[in-house]
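Remarks on the structure that follows.
The first chain written gets the first letter, and so on, giving A, B, C, D and E; residue counts start at 1 in each chain.
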Amino acid sequence: MTLVVEDLHAGYGRVPVLHGVSVSVARGDIAALIGPNGAGKSTLLRAATGMVRVSRGAVRMDGRDLTNAPIETIARAGIAHVPEGRRLFPGLSVRDNLRLGGWRARNEDMGTVLELFPRLHERLDQVAGSMSGGEQQMCAIARALMGRPDFLLIDELSLGLAPVIVEEIMARLGQVAAEGTGILLVEQDAGHALEVAQRAYVLENGRITVTGKAAELAADPRVRAAYLGV
Amino acid sequence: MRAQILGGAALATVLVLASGCGSKKAPEPAAAAGGSGVLTLGASLSLTGTTAKEGGLTKEGYEVCKKVVNDKGGFTAGGTKYTLDIQYQDDTSKQDISAQLVDQYNDKGVKLILGPYGSGPTEAAAAVVERNKQVMVDSAGADDKIFAKGYQRSFAVLSPATSYVSSMVQALSDLANPKPKTLAFISADDGFSKTATQGGTDKAKELGFQVLATEYVPNGTTDVSAALTKIKRLKPDVIVGSVHLAEGVAIVKQAKELGVVPAGGFAETVAPPIPDFAKSLGAAADGVLGSSQWTARTAGTDKYFGGAADYARTFAAQYGGRQPVYQNAQATAACLAAVLAVEKAGSTDPDKVRDALAALDTPSFFGPIRFNSKGMNVTKPMAVVQIQSGKPVPVWPTDSASGSLKWPATSA
Amino acid sequence: MSTVDAPAPPRTTTVVPAVAPWWRRSAPWVLLAAGTLGGIALQTQLYTAQERVVGTVFMFVALATAWNLIGGFTGYPWFGQVGFFGLGAYVTALCMYHLHLSFWLSLVLSGLVAGLFAAFVGVPLLRLKGHYFAIATLGVAEGLREVVLNLPRATGGGGGLTIPTLGPDAPTRWLGNDGFYILFLLIAAAVVAVALAVSRSRAGYALRAVNQDEEAAAAMGINTTRTKTLAFTLAATLTGVVGSAQAFRIQAIYPDPSFDTSITELAVIMVMIGGAGTVLGPILGAIAVQYMSEWLRENYTNAHTFILGALIIVTVVLLPQGFVNYLGDAVKTRRFSLLDNVRRYRL
Amino acid sequence: MTQFVQATLYGLLQGGLLALVAVGFSLVWGVMNVVNLAHGAFVLGGAYVALELHDALGLDPFVSMVPAAAVLFALGYLIQRYLVNLVVNAPIFITLILTFGLEMVLENLLRVWFTPDYQSIPTGYAQDSLRLPGDIRIPYGKLIAALLAVAVTVALVYFMRRTRTGLSILATGMDRGAARLMGVKARHVYALTFGIAAAMAGAAGAAEGAVRTFSPADARSFTLFSFVVAVLGGLGNMWGALYGGLVLGVVMSWGSQLLSGTMVNAVAFALLVVLLAVRPQGIAGKAFYASRVEV
Amino acid sequence: MTAVMQARGLSKRFGGLQAVKALDLDLYAGRLLGVIGPNGAGKSTAINLLTGHIRPTSGRVVVDGADLTGAKPWRVAHAGVARTFQIVKPFRGMTVLDNVTVAAMFTGQRHTVHASRQAAMETLDRVGLAGAARLSPTELSVADARRLELAKALALRPRVLLLDEVLAGLRPGEIDPALALIDSLRRDGLALMMVEHVIHAITAVADEVLVLHHGEVLTRGEPATVLSDERVIEAYLGSRFAKRAKEELR
């Protein structure tokens, strides 16, 4: 049960961004994709979920070919994507945002995700756009989980969040993975990501330059210098 | 790069223009001399756009004329036997295209023009006709303004705009009993309707009526409630509308909605003789007076169409039993006037046809056709009709009436 | 632990001169002059009515090019162009009818009045963007028509006004079909020349910068308000001049045809089909659309609006970025497929 | 005073009808950022469906609102799915021009099929009116139409807020890409939205047919008034069209009492331009629609 | 020494959110002020307030003694203040050269198109983008897009340069040349302000560091002092980073 991205080439218009990237996540695992801003991390996620056209290579889930399938088809196949900037529906309440998350799976049961993020409970009727960044990020992840996905792709979870909040959310992700969802975590801020992940990839200029176990990468002096150093 | 594209395309531009427009040639002669020939009339018509409906009626009238004349084997002028051909082009209800079409006919050697629908296009066409030394018989441009410019080559068979309302005022004065004392006018805001209103208010004052108000509404509106609300307080005996179909229907409809009930009734130009009027309003249309250029009772005969009733039969035969409306008849009459003038001139030469038109004085199914020095047909009276049991019944002038005026026409 | 070293991506290193050679810079001007002379030569080959048709094509070349200054270069969807067209027409009619001024003076005054009015309303209107700018300018145009309708003493209201062109009342004799052909040709050439000059001047850079990113443009030192207002004023002035010439050509002017929204719509369609933001696009668009609409009207009396509408639909589906822009891109990328083009814009 | 009350009431009724005509236009604009210039032709389409049903089966035009809506829904769905969707990602002006071409085509078809004649659908009661003290009249036809306008708007709000489909339309309008990530089929939702808007236009057309005359040439003015109403009310709020319609109806009614009758349209456009200059998001619009995201 | 650009009591409130509160800062010729702080701390708002893209609720902005509070961005630019945007804002429909030409053209003095293009080419050369002059900005890599953003600001021939995260997205190997370029600008006598996330870059070039938190100045001073400040560590860096920072500074 894996999500496999194989030799992926993709870009915007005539500008190639990814030059043959291969990444895979198994269900129940967390994989971290780290690298500098602009290396193509977001593009990789966007290509995997159909938001950017793939020019070469393949995206497969449990053997099923999803390359260049429409966004909604990929979503319906069970891959949830928490996009860059969260993209909540700002004018709708948290409740409606969560309902939309469960739209495909016709899942109206919010209990599970509210257990995971109890803070959202008291915010259910608040308009999503008016919440703090951390709460919005929780809402975005909760919304994605409402679809009961097999795989969860999260783009820049820590962006703009206080470290304390990041730690809280990361801890929840561990729980989610433990229940059998595969998570691909894209992070510029490598520290937290490497802590929770089992596997990690370093993406630079559209190519994977380093792969390995997260713990090993965290110990690699080059990775330390480039992504963990101050 | 951009310069190259620019260059190639500019060249293409010139080529397109050059090939598309052809080269200048001498116009082909319109008719062969001696023996037999075809008289071609050119018509610019609003077949699309705001007056598409009326343009269509005009075209039908022209077609009836063509069929009747040709079924009789055509006509003879100066020893040549002619059949009639009418060319149509759509002016999309726009005056600049109407003017362009008249020029286009001139380029093709078509010197005799049948008028477009509406005062704007007619005015534009008249100016071009004058410059090109063509001749136009106007079937539907009634605004007196067109004829105030000293044009010598445009002739209108229809009664001028000023008579549309004044005829109804005269009819009220002659026939209504008890005679109404006060009138309120609602006028659409276009040149024709305003000219008609002016003619009507002048006539009303002359005949001793009191004009309580003149309210203007936007041309083509379907909401005249504001004008009616204002008039309601004044309690006029008659509400007179100088309007088109849409406003005409709206006045009667909304007056009923708003409880505006004049002691006498309603009188409206243009709208009531059109079948759609009674159809739209149902019973509410009954009693409404209307002015019409022509009715099936109009007095006069001519050799092509006979009398008005004969014309109605001819028209109905050609259009599946439908009765003609006055817009059909005035178009046929314009075409008829052109044919009669060519016959009389004995030539298709536009100058001679013009002189023949200017001297024309003949009865016809449409009433007398005789033009004054401006080119207007002022001898022909307007007819006044009243909707009775859903049908327009001619009630004035009495010598060509088929029924009598029911008055008061409304009951509170 | 596996490690792969990334090779550096290739970099283009051709150094280009900052300024194009003179012959390249002057080519469009030569073409414009040649086109104008070609237009004069063409006149000898035309019937009177064809002169009118081609004269109208020139009128739309001028209108589309003027629209492009604000709508194409600056990116403000100007849906009220006909307001300034009608304003120019009525200023000319009023000047010639009431004041007995010569047409030529009236022509200049029409441009000035339209321009001044644009400068006046431009400041509040140009704060709006997108559809809101479109609807606000449309509102101004409709409002102007209502003003004209409601000043019957001056404008004749719905009854219209006729410019005197004959007899002792006429301040300027009607120019004749030949004269108006040349007049519209020269106006079109002048408007295109203005567009060409603007396109290559500082102002052109400023307008395109505003179009692409107004915030960044302001940070580059561009006075965006003044730039937009100037472009709007210039476009309105040129439109007013065209309206003035058209008023004199048709003589009898009425509010409805003078402020007919379909004139704006046609100009917009011409620019969009030809290619917004280019000098050539509006010219090609105007010629193609006006010529096609005229041809259809003559040959398909009952179905011409249907066919033209269908053609417009097909064209914008296939070429949403306009012909000239499509061609530019296609030549650059060597990809000419229209289906690829459709794929770029569909859902 | 009576005159003022009468004008106000009449303005409200007219406004209700304006709202019914405009609500679909506003929906399409708000959700898809498409200004549908063919909207007026859709309204007329509904009127002609009601006319045909009346002539053939004697159906009351208010009853015909339902079949008119159904026919127009199908038409709208197909047009969006197979035509407008093709240019959804092009600059905003392209959809404007596409729908303009569509309007030309539809208007031409209506003219060929139904002739350019003025039509109306007679009903026994449309011209009768309710009498209030002071001889203030409320015409039944307009009253029914206005009440239906309110009912349809309420139903739309309920549909949007409470149903799965409605929620997916709202979400797609706010952020198409995010909605697709939830598994919402954007092509279908857009087509559905356009279909619903066309259906409401069709229903509005049937109601208009009951209270006024119409001809194919009226398409333009329906679109223009929808434009004004949508902007006045503001986008992004389902109640916007209702507010906009009522405000416009009353202001025009008052305006034509105080000024000459031909100033009505001038009043409408002056109101529009002033409102845009002062409050571009409309009376009830929400600012977040300005920052919509589309993928 | 007098400051080229001064802000006093600069504040901005968006509805209920106090984005920037009573900010004072001075930028001197030949000196670089580094501004750090978590996202949402008000860093970008501060730049927008200085350049007139946002009107301050209160406070003053002075450039060379001239009050530019609430002045439009183009007036601030004419006064010699250039900026880059955090999210690069190239004019996408123009070539790289034309992008810079626009900047070179509207500096307050009149420059002909011809002269501006020459100047633009020189600026592109300086940032190392001359080879890409005819490309579209959409064809540039992230690093080159940042260079273009910088070139546009430099083409204005500014005296004050406000850099909003110019290093974001650069690979480790690209950061050093970029810092060298910034350092050369400082030596040329520009007054610089640099909002940055890459903290070791700030420590390398900044003369003074200012930490923003919830729109307020948490602390300011020498880089080393600021980075070892307990409050900064708690609010922003987190303990783990602070430990490393200390090691590195030692």
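Basically, contacts are C-beta pairs under 8 Å (C-beta built on N, C-alpha and C of every residue); 3 or more make two chains touch, one makes a residue touch a chain.
Because the structure is a prediction, the values reported are computed rather than measured.
In summary, the chains found to touch both chain A and chain C are D, E.
Farthest chain from chain D, judged by C-alpha centroids: E. Looking at A-D alongside C-D, one finds more C-beta pairs in contact between the chains of C-D. One simple way to say how far apart two chains are is to compare their mean CA positions; for chain A and chain E this gives 31 Å.
Averaged C-alpha coordinates give centres for chain B and chain D that are 36 Å from one another.
Averaged C-alpha coordinates put the centre of chain A at 74 Å from the centre of chain B. Look at where the CA atoms of chain C average out and do the same for chain E: the two points lie 41 Å apart. Of all residues in chain E, those touching 2 or more other chains are 141, listed in ascending order.
For chain A, the set of residues touching two or more other chains reads 14, 204-205. Residues of chain C in contact with two or more other chains: 9, 149, 157-158, 302, 305. Chain D meets chain A in the complex at residues 164, 167-168, 170-171, 174-175, 177-186, 236, 286, 288-289, 293, 295.
Chain E meets chain C in the complex at residues 51-53, 72-75, 77-78, 82-83, 85, 89-94, 97-98, 101-103, 105-108, 111-114, 116-118, 120-121, 130-135, 141, 152, 156.
For chain A in complex with chain D, the touching residues are 49, 51, 70-72, 75-76, 80-81, 83, 87-92, 96, 99-101, 103-104, 106, 129, 143-144, 147. Within the complex formed with chain E, the residues of chain A that make contact are 12-15, 36-39, 133, 159-163, 191, 204-205, 225-226, 228-230.
The touching residues of chain C, when paired with chain D in their complex, are 77, 124-125, 127-128, 130-132, 134-136, 138-140, 142-143, 146-147, 149-150, 157-158, 261, 265, 268-269, 272, 276, 302-303, 305-306, 308-313, 316-317, 320-321, 342, 344-347.
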